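In what follows, chain A forms one complex with chain B and a second complex with chain C.
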Partner chain A sequence: MSAELISANHAAALATILAARANRTARGFGSGVYPITPQTESIERICEETFEKGHVVRVESEHSAMAVCMGFSLGGLRAFTASSSNGLAYMAENVFAAAFYRLPIVMMAVNRTLGPPWNIWVDHGDTLALRDAGWIQLYCEDNQEVADSVLAAFRIAEDRRVLLPAMVCQDAFILSHTMMMTDLPPQAEVDAFLPPLDLPHRVTARPLVVGGLDPPRETEVHRRQHQEAMNAVFEVHEEVRGEFKRVFGRELPPAIVPYRLDDAETIFVSMGTTAATVRQVVDAARARGEKVGSLRIRMFRPFPEALLRAAFAGRKRIAVLDRDLSPGLGGIVFSEVRGLADPGALVQNYMIGLGGGDVRAEHIERILADVRARERAGAPEFVEVGG
Partner chain B sequence: MKTLQTFEPEPALGGLAHTPADRPEPILRAGNTNCGGCGMSIGWQLLSRAVADRPVQLVIPASCSIVTAGTYPFSAYGAPIVASTFASAAAVASGLAHAARLNGEKTRVLCWAGDGGTYDIGFATISAAAERNEDILFICYDNEIYGNTGGQRSSATPQNAWTTTTPGGKDVPKKDLLGIMAAHRIPYTASVSMAHLDDAHRKLEHALATPGFRFLHLLAPCPTGWKSEPAESVSLVRMAVDSGLYAVYEVFDGNRVRINIDPTMSDSALERYIASQGRFRKGHADLKALRGEIDASWRELRARAGWASEEATR
Partner chain C sequence: MPETDLIEIRVHGRGGQGGVTAAKILAAIHAHLGRSVQAFGDYGGERSGAPIRAYLRASRAPITSRNKVYAPDHLIVLDPSLLDAGTLSGLKGGGTLLLNTSEPIDAFNGRFDAFRLAVIDATAIARARGIGSRAVVIVNTTIAGAFARIFDLPFAALEHAYQHLGLARDLPAAREAFERVQVRETAEAMAPGARLGLPPLPDVMPLVEHTESPAVTLKTGSWRTQTPRYADGLAPCSASCPAGNDVVGFVQALDKHGVEAAAEILAKTTPLPSVCGRVCPAPCMDGCNRRELDGAVDIRALERWIGDHTEPARPSTALGMSEQGTNAVSPEPARPSTALGMSEQGTKAISPDDAHAEAAHAEAAHPERSRGTSGPGASKSFAIVGGGPAGLSAAHALATLGHRATILEADRELGGVLRSGIPVYRLAREALDRDIGRLLARGVEARLGERISRERVADLARDFDGVILATGLERQRGLDVPGAKLSGITQGLTFLRQLAMGEKIALDGDVVVLGGGNTAIDCARSALRAGAARVTIAYRRGRDEMPAIKEEITEADNEGVELALLRAPVGFSGNGRVRAVRLAEVELGEPDQSGRRSPKVTERVDELACDVVLLALGQSADLSVLPERWTLRDGRCFDGEHATRVFAAGDVSTGEGTVTHAIGDGRRAAFRAMAACGLEVEIPPRLDVANAVPASAVRFGHYPGSSPAAHEHRVPSSLAGDFAEVDGGLASPAEASRCFSCGTCTECDTCLVYCPEGIIDRRPGGYDIDLEQCKGCGICVAECPRKAMEMVMT
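Moving on, here comes the complex of A and B:
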């Protein structure tokens, strides 16, 4: 393995190029690409690459980027695209369609604030708005995890028990434009990790309508199958983690990532890079003798309900940090996890780092003090961190 | 029981609708639910014959013609079909066409879209695929309305036509899509008349064989939306051609224009065309103004084709 000092965008592109090559003995690779800050570097790097069996289409919109990927995938190719923020919103119709066609497309999504007003910094609201689109969603914490998750996403998505598209999400600028030492495996190892894609429902010469009309009865069946495929992801993800370790000699993080959770009475729940800051605060609190821990949700779809419920058991206070807002509700992560705590546990929601504000340890300390002092949970709190 | 493999020439269209010379089964199978006299159905039969035994994959966006397929798991189509989102046919087809090329397959990838999916919501996607010169044959069957959603106006709806969203008749003329597509300088652009079978067949064959982005426009009467007699669909197209309203021509590489039918510019054909359709009754079609517009567009077309002006030849 060779470690390089690269951005997460660069890491995602290199991982994609390796995955693309790994399908050269099968039907090849295809990508439909369209730029948007802060994702653009990843597609530029893919456009610089010459594939022995692959093609990149420079389309006129994100809607078409996903449509071209659907065409590639329906033709049996391994397919990839990347987007962010308003690009994802514009693409939305075809994001749903890709999942309904059950196509194992992988998309790298850089989490960025939706606009207007325009803001290019991190916010998870863009991909969370697509949480019901039927895609696997993985949220990463560092550049290595972005690269590794792209490789793993292809393997999970293409598994016969799954056949669903997968989104690898990473925080705008904090990861997308920040260089970190990142290991990219050699091609031979990726070839060993990623079997050639043989899509069972590839469009051939057989008369068949893909995506035609579904009466209610058929939709009931198709939706149930979609749910079953999602449920299979937990097991497949664990198998893939095992394979990942065996082939690359490195750990792929689990669906939920615990930190000093053992006897913790107060825990933080967060996604993406916020968790790194939370860990600093956990260490400081532990040094003070406080029983504090952290849980990072890496897999948001399928939703790891059973794992979270087990991890929440016995916790008295849970601070859920959302870098997103569903206006009129509060945090989206909060709304999904709140019901999994023990009866009587205090679960409080904090909106922090909306629009890409710099979340620092002092802000998390303030939240810790607040959640520990509370007698009961209240309305979602907005924690302002400024620029 | 008769097996599906034995076909007898259909009397419709002088046996052209389906004969043993066609592909083993028609692209549009019997028993579909299209309205009687549907121009789109006739278009499928023309395409089926031209495709013959070529391997094809078709992308059909949301439209009447995807409802035609029937419900899962059945299919009224005898060819592989991808039902795409409304705007995305040309982009999905781009992916399929590259997949075939990368794997050395001879498959021809086609889009079959309505005017809504072509002139309106799909337009940016089609323009982009044409600019990239993707190896796709895009066929627009133009019924001049959103048929599937019950007959709303599109930018292909002619002026003065009644639709459910233009209850007083449409106030602006139809978009010149053929001109716009030709301006992309794609290898082949043509209008196809289902009343002129030899010309139609030749164009479909040429379009199927030519590499790169090809665009065919098919005027497709819709008795349901046009409030016309189902039996008159083909004659309506003939009237549109004879009157000069529907110009039948082809453009190679965006600059070589060839007029295929020199119309008689019949006023009576124009009158009958308008009078046979209920959609023009509420819209107060002004025949004199329409004639003026048709003549002007023909002067332009003749000039583009390098023909002497009508006045000079008469």
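Moving on, here comes the complex of A and C:
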């Protein structure tokens, strides 16, 4: 395959199909799927594909979709599904289960506002509500990153040091339905990048009980091991980035993506496509001589605390943009990063683009003006951008 | 980033036209030219016909913007109906407006001068090449050709993109647009300051303050190509009713509003609910769609219920009869004594004063109809010859509209064949008298004991504004076979009449009834009651072909009447008095035009012993009442070629032979007579069952199953001498609730419940559909249990 003009939904699906075939010498591919806007195109594309060694099961709900993936994964198959918003909420029980079973399932999640009232547009609240489910979470900024992250997610998840499920998140419509030229590597390169899955605890012909009663002693060890596996992700991610560059000749973005950070005194922190708009404002501010930079968090779980602490060092003002809301607290990203800034630094939270509003440079400029004019941080600000 | 290189284009179209794909196609062309591209649509309202927007960016530098395009360099408009200020908003001065329109470019002189205008009739090109469907032509692949031309993009790049996207089939259309697009360069500079600023955001109501459905800003009604509406469909029962009754109307009224409301509806078309509720063959029930589910609604019995449980019509204060004592019509329910009392009194004449008073009453009741003695609204006087069902119906129709109706009846009582030909165990006299009493209470005058000679007919035509002849079928068909003159062979109707007139007739021995209609059944069952030891009906066809009411045949069966089917009488034997009837076996041949198989009499003959033979072989009209030179054509009498104001009604005219037909024809004749004397009336149309709501249009799943209600039935211990009514009718009017109400809205809320948009609201008497929001999905129409809605082209 080569560069195609496709949506990020199809980018995720085509990358999954490549990863699925790469496991053909092992136990093949398995998927349980259930549609939900704006993710449906991706599973439709997977349903259209004829797998030489694979099964796609159309189930009646997201909860079952993940259950089917768990079964496949336990059998040693490379497993994938996709969902969004309330579908994820309904799936939630098995989202946790997949992680606690330590199954390297990859799920593409299109970030969509939770309802009711119903809203189909982007908001990160759906996957952030699952931040404690024990999954790796990667948030993408463009179509290419979606495709590349799906491939990388399988590799990271299946690493023996990790063995955790991974969620590749993308913004509803702004990515899922926007067509851009996306490069998909040939199968041979994917085969070289992604070795066949050899799940150590897979179920064989010999009957095996999994997920039985775990007394406190066992549980405290299993939880610690889960944490250790998460901690291993940083190292594995860096290795995979190297491998990715070597095999595909293309950079996979790091866990946190800096932009014109060098001497920046004021920085924006954001996730997803908002970061692209932020960069326009950073360029404009730099052109005016203002020391402004941007930091995009791509990996939210495991949480890149050390990287962020280092990146925050020396910054005087940090504007944290949340496309989510934990009612009663404020932004979820803000709540996690606020303690990492230098003592005395001003860290102000802005909720922007909730419910999928079109976040434009004008809005980011207003935030820049606000954060620069502040004497101290205040309550989270709600920036309303309209439709 | 070299900003000058970035182009941003916005596409406006309607869902289904392919606007988002248009952006993708143009992006693919630019991608082929080595540019970074981005194509996307607006999502949320992407349904067929809905206005949609799509966006395209292309640049040599990587595209980083993730926003919609608010200030496009160029605009592509796929549907000219979308050309408004909102569509043009933000378009940069000097930018290109590429418009899909059937208008030539000159049609836009003086418009869009600030822009470079390009027009192409992409719809015509795409339609001619069969791209999309006839209803929704997909124009994107065509208009892209025009786009390539006006932006100097090489057609080869387009060709490459089409090949890659699998659209090569549409290349000729793109080529045609490429060659035919017309361009007008920018005529004037754009006024400065037109660039879009940040608009103020609207207020939003807090969720906890919503006390009703929130106002919807997206007017989805513009997506609609078809519109649902409430429309009364024709119910098969009403369409089948020869009397012209609003059957579904009275059954529903009975169910929803009670017996008085139902009676009011029935009274518009029939004076004889108690009669028809007993003796009607009920074609309405044959037509009832509920037959296909769990049995027809027992409409006949419901009509009986209404007739038997209603107060008489408000008496006419001007009737004048009360002054004469014997004919008092009180607000009490009509009692037998009332109508019978009149017959005892004999001929009744209304004095001129009374007639005037009645006219005044009619005027008061119908001021819009009665405007003095002349003109289209004047009250007229009509003579009706014959007090049978057709005559009663004609009088009813005339009196209801405020005219004077005078019935001239040869017998000493009204009712005609209802009184003389239908046995009382089937039609109780109380029921007949109740109906007649109600009719008289409407101000109808009856002159009893007046047999009209042919000379009098011409007089009547002169003395009245119109005359209706409703003399029925007075000639009974005989049998021309050996032995037909033997004693003991009698016309069945004569036998029935004698019984009806109270003559004591004692039969013993065996009786044979010849015929298969209701008269035959009536004769057979009456013969049993008159003491016959054994009664046999001989009929030349099979049981299914018997024209009698099916329930009546069953009743006769139950009472012990024997059926000798496929038997035709070929002679009688006996010495002075009949001793036996000779019956030949009959074979049924090919179906005739009416669909009935024609009987073929064979040589195989048996004798059936009998003491009495009753002939029930049918009747015919006696037209000797018509004056010389007069002829009857299509129900109207002609004196030579001169059309008189004399109309024939009922069996004398049509020979259709049922009470319900007679009612319908009597009413129609009354209206024709009114029209003939200049009154503005609309003659009741004949309804066609073919136009009625078919059973397939009724959604049975909405109706819980229920069997027809049982009648209260009297089983006589011994039939001999027992002429009391057998069928006691329904115990309650609950049977009416089984009516589907085919074609007529019952406000069941199904449409409201099923509307996926929640935009159907109740209002008194029906529903309102919010057409600003209705997308025309048609679910309400599809779900309507009774086809009381329809879709029409918008």
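Here is the rule we use: the second predicted complex is superposed on the first by the 382 of 387 C-alpha atoms of A that agree within 3 Å, B and C clash if a C-alpha of one lies under 4 Å from a C-alpha of the other, contacts with A are read in each partner's own complex, and residues count from 1 in each chain.
In the analysis below, a residue touches a chain if its C-beta (ideal position, glycine included) is under 8 Å from a C-beta of that chain, and two chains touch if they have at least 3 such contacts.
None of the values given here were measured: they were computed from a predicted structure.
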item: Three-chain arrangement built on chain A, chain B and chain C clash or fit; value: fit
item: Partner with the higher number of touched chain A residues, chain C or chain B; value: B
item: First, second, both or neither for A:Thr273, with chain B first and chain C second; value: second
item: Chain B versus chain C as contact partner of A:Pro215, first or second or both or neither; value: first
item: Partner chain(s) touched by A:Pro117 [first = chain B, second = chain C, both, neither]; value: second
item: First, second, both or neither for A:Arg131, with chain B first and chain C second; value: neither
item: Chain B versus chain C as contact partner of A:Ala205, first or second or both or neither; value: first
item: Angle at chain A between chain B and chain C, C-alpha centres, nearest 10 degrees; value: 60
item: Partner chain in contact with A:Val57 - chain B first, chain C second, else both or neither; value: first
item: Smallest separation in angstrom, by C-alpha atoms, between chain B and chain C in the superposition; value: 20
item: Residues of chain A at both interfaces, chain B in one complex, chain C in the other; value: none
item: Touching residues (chain side chain B, partner chain A) in the complex; value: 25, 55, 57, 59, 66-67, 69-73, 75, 77-85, 87-88, 91-103, 107, 124-125, 127-128, 132
item: Of chain A, residues touching chain B in the complex; value: 27-28, 30, 32, 53-55, 57-61, 63-64, 67-77, 79, 93-94, 97, 203-215, 218
item: Chain A residues within the chain C interface of the complex; value: 3, 5, 38, 117, 120-121, 173-174, 177-181, 273-274, 276-277, 279-280, 358-362, 384, 386
item: Residue ranges of chain C touching chain A (in the complex, touch as defined); value: 23-24, 27-28, 31, 36-41, 43-44, 63-68, 70, 198-199, 201-202, 207
